[in-house]
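Multiple structures are listed underneath, in structure tokens.
Across the two complexes that follow, chain A remains constant while its partner is chain B and subsequently chain C.
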Partner chain A sequence: MLHEHHPLIGREIAVRKVTPLNIRAVADGARFVLRIDPAQAAQAAKAFGSPLPGKIGDVTVSKGRLAVRLGPDEWHLVVPLTEQEAIETAFAKLYATVPHSLVDVSHREIGIAVEGVAAMLALRSAIAFDIGGMPVGTGCRTIFDKAQIILVREAEDRFRIEVWRSFADHVWGILDAASREIALGI
Partner chain B sequence: MLLIRCPYCEAERPELEFTYAGEAHIARPADPSKLNDDEWKTHLFIRSNPRGTHFERWRHQHGCGRFFNAVRDTVSDKFAMTYKAGLPRPTETELEKARS
Partner chain C sequence: MTSYRIPEKGRVNQGKPVRFTFNGASYVGFEGDTLASALLANGVHLIGRSFKYHRPRGFLSAGSEEPNALVGTDRGPGRFEPNTRATVLEVFDGLNTTSQNHWPSLKRDIGAVNDALYMLFSAGFYYKTFMWPKSFWNKVYEPIIRGAAGLGKSPTTPDPDTYASRFAHCDVLVVGSGPAGLAAALDAGKSGAKVILVDEQAELGGSLLSETDAGINGQSGWQWLEEARSALAAMNNVTVLTRTTAIGYYHQNLVGLCQRLTDHLPNPPADAPRERLWKVRAHQVVLAQGSIEKPLVFEGNDRPGVMLAGSARSYLNRYGVKVGNRPVIVTSHDSAWLAAFDLAEAGVKVAAIIDIRPNVSGHLMESAAALGVEVLSGWTVTGTSGRLRVASVRANPVSRSGVVGSARTIACDALLMSGGWTPSIHLFSHTKGKLDWNEEGQMFLPGEATEESRCAGAGNGVFSLAAALAEGAAAGAAAALDAGFAAKAASYRVDGELVLTGANNRELPTDRNTSKAKAFVDFQNDVTAKDIRLAVREGFKSIEHIKRYTTTGMATDQGKTSNINGLAIASDAVKRPAPAVGLTTFRPPYTPTTFGAFAGYNRGELFEVTRKTPIDGWAEQNGAEFEPVSLWRRAWYFPKKGETMHAAVARECKSVRESLGMFDASTLGKIEIVGPDAAEFMNRMYTNSWTKLAPGRLRYGLMLGEDGFIRDDGVIGRLTTDRFHVTTTTGGAARVLGMMEDYLQTEWPDLKVWLTSTTEQWAVIALNGPNARKLIEPLVEGIDLSDEAFPHMSVAEGKICGVPTRLFRVSFTGELGYEINVPARYGRAVWEELYRAGQQHGITPYGTETMHVLRAEKGYIIVGQDTDGTVTPDDAGLGWAIGKAKPDFVGKRSLTRPDMQKADRKQLVGLLTTDPNTVLEEGAQIVLDPSQTLPMKMVGHVTSSYWSAALGRSIAMAVIEGGKAREGETIHVPTPGRTHTAKVVGTVFFDPENKRLSA
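== the complex of A and B ==
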């Protein structure tokens, strides 16, 4: 019998010190990988019902729908579970006129929210580029220790990590270790 | 760690996200069946391996996923510039400008 395994559910890392830090799994959503000719992206945005970011690395959030442009022809979409079917239907209709690929990867990934003044410090422990230089409202695919993640900067001190569930425990372990160091002030 | 500028993402990213993909600007022969074994061998295996400026392909595997070209000094490991795949080899004056 198949069981849905969600390794991070109900887990939380919280540091309540001068440098507060809160790390938790975010509410599950439906996730899609959209590949489409960038010249036709406006059509896809119509089917998606929200704007798609026009520049690589940009993020749009509207009505609880998150869209990150990862590459010249690739978008990562996170939407509330209740809207999954509507979006699939809309894109299926679009398929007749505009060739594209919309792949449901909801069960492949887990979202982790890293929030607080020390969020950047915790992430820096395993991400090699300058996160401080990353403007708010941008996102990119990158490497967290050895695991590939999608990192979105939602606010000055709030980040969202999208990671494959098989890597989630590893990422969580590193965040846990980093947060212990932050809690102890070392 | 090397920082490499991805011409598609227009951002400096750590080397970890990239994979090396060999020498750039090697055009595949239009009709391989017309080549003799020697010419085919040359196309497949013979590379310039210079000491100094090297034109090479990289892939931003854990980023946008794109292949692009880069100019790197094989002695100092410094990248002079990176440019999108399909663009012609930059001229010496362009390289000088990028280095300065």
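== the complex of A and C ==
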């Protein structure tokens, strides 16, 4: 196989102060957009091999698989690369009885982890909604400055951004600028 | 130099001197000083020249309402800022400041001749004076006026500072930290609500910092303030932002705050942002903006040394600075008496208190007598003297019947005036909340709110300390309660507070000729009372018109000190009550705000999203020039060293036609459409028929809007019966997906089909040229590339260079062509592999310009360039792309409208210029008869125009009325200097038989 080009892999923003902050690209996974009639989501969960979140905005994490329900008929799935083929095969089998759409978007997105006491402060530089009111274990599609992202709150102080490849530099640049203020405590 | 500082008085740190300059002279102030207080402490009152008449001016106020004291500040290279208000500018070691609006110097200013020529500069002078001769406007009047006008000098270099922004959400936002704001924040904070308290000043306290007479809960005002600050600091749920101005109040309780982070620091950390714009969404807002003192309007009220009495009190009590050694007070409000008393108690000889009112309360009279201050009640002020600083005031008694008696001159070195107080209703006014006119107080007060907000304290017309604390506490508690917290308003005991009253005035009565009096209403725009009266005489009746004609209230201070006086005079002149004349609308920002704060992070690289393809880095390394296409930047052409664009594009075109070119097409929009009803959905969205398209085949798809006009196009592959790979135009990707989702969700929810954007999943490399197949044959696995198995307009999945690919055989150039889709992270490596392997064929990377030329040679349209939203398929020569047998598709019904079938619609045609070397300008208008009289009838315009290397001549496309029927005719293209002629031809210029596609 040829060499892959990752826009952000190896780059890191780190603030080691009173309010620590660490921002880095997360390791690649396989990603899918699953779109299916919500009435048949249970069958999709079977094919997926892990539960799918039942409420819009909910997130499930199990066996290294992340699923976010973004809309009535839309789930964003991130799984270990090794499981990509098996999941594709399972869904292909399901299609005969339960039509749906499973589309590979592994290369469309870049994952960015934003972690630390100052994580929320960094995100507030460019996200308009009240992140403080976002429960742990939820996610949503939103706007970061001028870029569309998916934001998942994985823990009190840990967030994951999923952003389209060509918008990743912009998001990174804003986070970098915001992290300088945090480092200065200003 | 005499010091006007009173040791041990004020809140500045007298143990911490700071050195700064003003107009090159070095001065010493103290930490905590503003430039104004520090200069006043050094006896400097002359701070600038006025805008129009270049009159010497001093400090009018001690706060953000200041109209006169605008200075330039220089913080180093690129960091010059004009129009900074000296009354809010904090001094620090090394601050350099300069005065404005004068030449050659502040003390001797040539422009002051305007003051003597004031007759020329009356209201509306620029409408009257510079009308004739008309030809003088552009060359003489405008340049001179522009040169002479303007406040300060614009900076000439880019701002080197950075700016930040932040969103915040809270339960209660309190604006203003005077007594009312503090009381509100304390009670809201105690309830556990998330509170943000903001104040524009460097420290909390508002009027408590300046007015020290009353005590709260048995403590002095300052002691109570200290406790309140500590209490707020101890609450984790309260955020206190000082040096932060609430600049605007927008819909649904969104309040913009501008926080100044580093301007007050002598050595700000490198990279620290200068300011931060907060966008706060508050559940509840408490506005405690306070009030602004009104100047009195009399001749000579703008002389340096004439200032607001309350401000003199601030300088004394807050900064420990006496504004003069022999001040005179002129007032129609009790509050100025307190300034006189404070000064007298500090050992300053107050020469006189002149009160316009014939009767003043006995206890004030007694206090004045006890302090040995002469009182002239029922007197007026009719003039001042002194060139660069007030030296005397001219006062006259006014009889009960209004007759102004003979004048008396009183020597003074400061004249402190008060016409009462005006509530600051600016933010409330931003919300379009109703304003109620209070006739007794001659002021507008907040009425019914349109947002979840409350007003408290002086900003709500409640001027006493006790009442402001009570109202603030009540507002804070009520706001917290409405935000869902149990809250109780605290009660406060205030001792030693006097009940203050006042009377309202227009211009003060005078024994002199009022038509010559320079009695200023708007100090910053140099508008006098007579200007306003003149405007009314000339027919202006509404304050909005009077404002624009006289420019009163239109300066950077937005009339903070002038609006109410202007309105009082206008209302008197119009002979209608003030509310009928109206109040000018307050608009954000509350005080002047830097552009940097609004831009925030969005400057330089972060100004706008720049989308780059996976192959962009290679293009950059290989010398590509780029052009923006929607948010993307795309390789435009690849010039070799010393090569012009024309030569590069000609070389790239030639290479594609003769051998092989490669093009980064990754920006093409891509949508994966999946489901049993995918073909039906495609039938409805596109004009073409999809039912019979076999899996493994491609088709050109054309999309219309409901109106029947072309919206988008692209090549679409059917991967399986139920799965389509749709491509869209680069700029149309998001729009097309949105339109499809819209139809699916609102019109056809019954269809079992789902959409996913895959634009960025795939990198796309277009290979075009006779050697395209030869290049990829050895690199492709799992796809038979023979013409029979994989003809033009085919798609197959396999591998290229070892990575998965969706391989399209398609051409946007007329040559044998492939579009190689590979997962985005492999895009760059596959590109490099192909480039390396293609060297044997002289493979040539090409950019968007060559792509445009090659497609134009074939007559392939570009949606958005050759169409403009009014072009039907038939107009564009794409009638063949309509599935005539289909029952319906988006836009079908509109195509049957008679107007859409008229023969004289603008239709797309080709043009060949008579002179083959003439490349027409895109957008140029087309006429049929160049000798007709002006304005000519324009029948169309050039949409695309290029030099074609393959044809050795220029080619163009155009939309022309009834164009198709004009084939063979000559049309004319008038351009500056020359009218070109061209022949109307078909749109396909090169290889019309499409022999090369299947080569």
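A few points about this structure:
Everything below uses one rule, namely that the second predicted complex is superposed on the first by the 182 of 186 C-alpha atoms of A that agree within 3 Å, B and C clash if a C-alpha of one lies under 4 Å from a C-alpha of the other, contacts with A are read in each partner's own complex, and residues count from 1 in each chain.
Simple rule for what comes next: a residue touches a chain if its C-beta (ideal position, glycine included) is under 8 Å from a C-beta of that chain, and two chains touch if they have at least 3 such contacts.
Keep in mind that this is a model prediction, so the values were computed, not measured.
Once the two complexes are overlaid on the shared chain, A:G57 sits against chain B while remaining clear of chain C.
In the superposed model, A:L70 lies in contact with chain B only, and not with chain C. More residues of chain A lie in contact with C than with the other chain of the pair chain B and chain C. Contacts of A:A27 after superposition on the shared chain: neither chain B nor chain C is touched.
Within the superposed three-chain model, A:H100 lies in touch with chain C and out of touch with chain B [touch as defined at top]. By the touch criterion stated above, A:T142 is placed in contact with chain B alone, chain C being left untouched.
In the superposition on chain A, A:I186 makes contact with chain C only, while chain B stays out of contact range.
In the overlay built on the shared chain, the residue A:A128 is in contact with chain B and with chain C.
Common to the chain B-facing and chain C-facing surfaces of chain A are residues 128-130. For chain B in complex with chain A, the touching residues are 1, 3, 8-14, 16-17, 62-66. Chain A contributes residues 1-6, 28, 33, 35-37, 73, 95, 99-109, 121, 124-130, 132-133, 145-147, 164-167, 169-170, 173-174, 177-178, 180-181, 184, 186 to its touches with chain C in the complex.
Within the complex, the chain C residues that touch chain A are 162, 164-169, 261-262, 269, 271-273, 276, 279, 281, 601-602, 605-606, 608-614, 617, 632, 672, 674-676, 722, 752-762, 801-803, 823-830, 833. On chain A, the positions that touch chain B within their shared complex are 56-57, 70-72, 74, 128-130, 140-143, 148.
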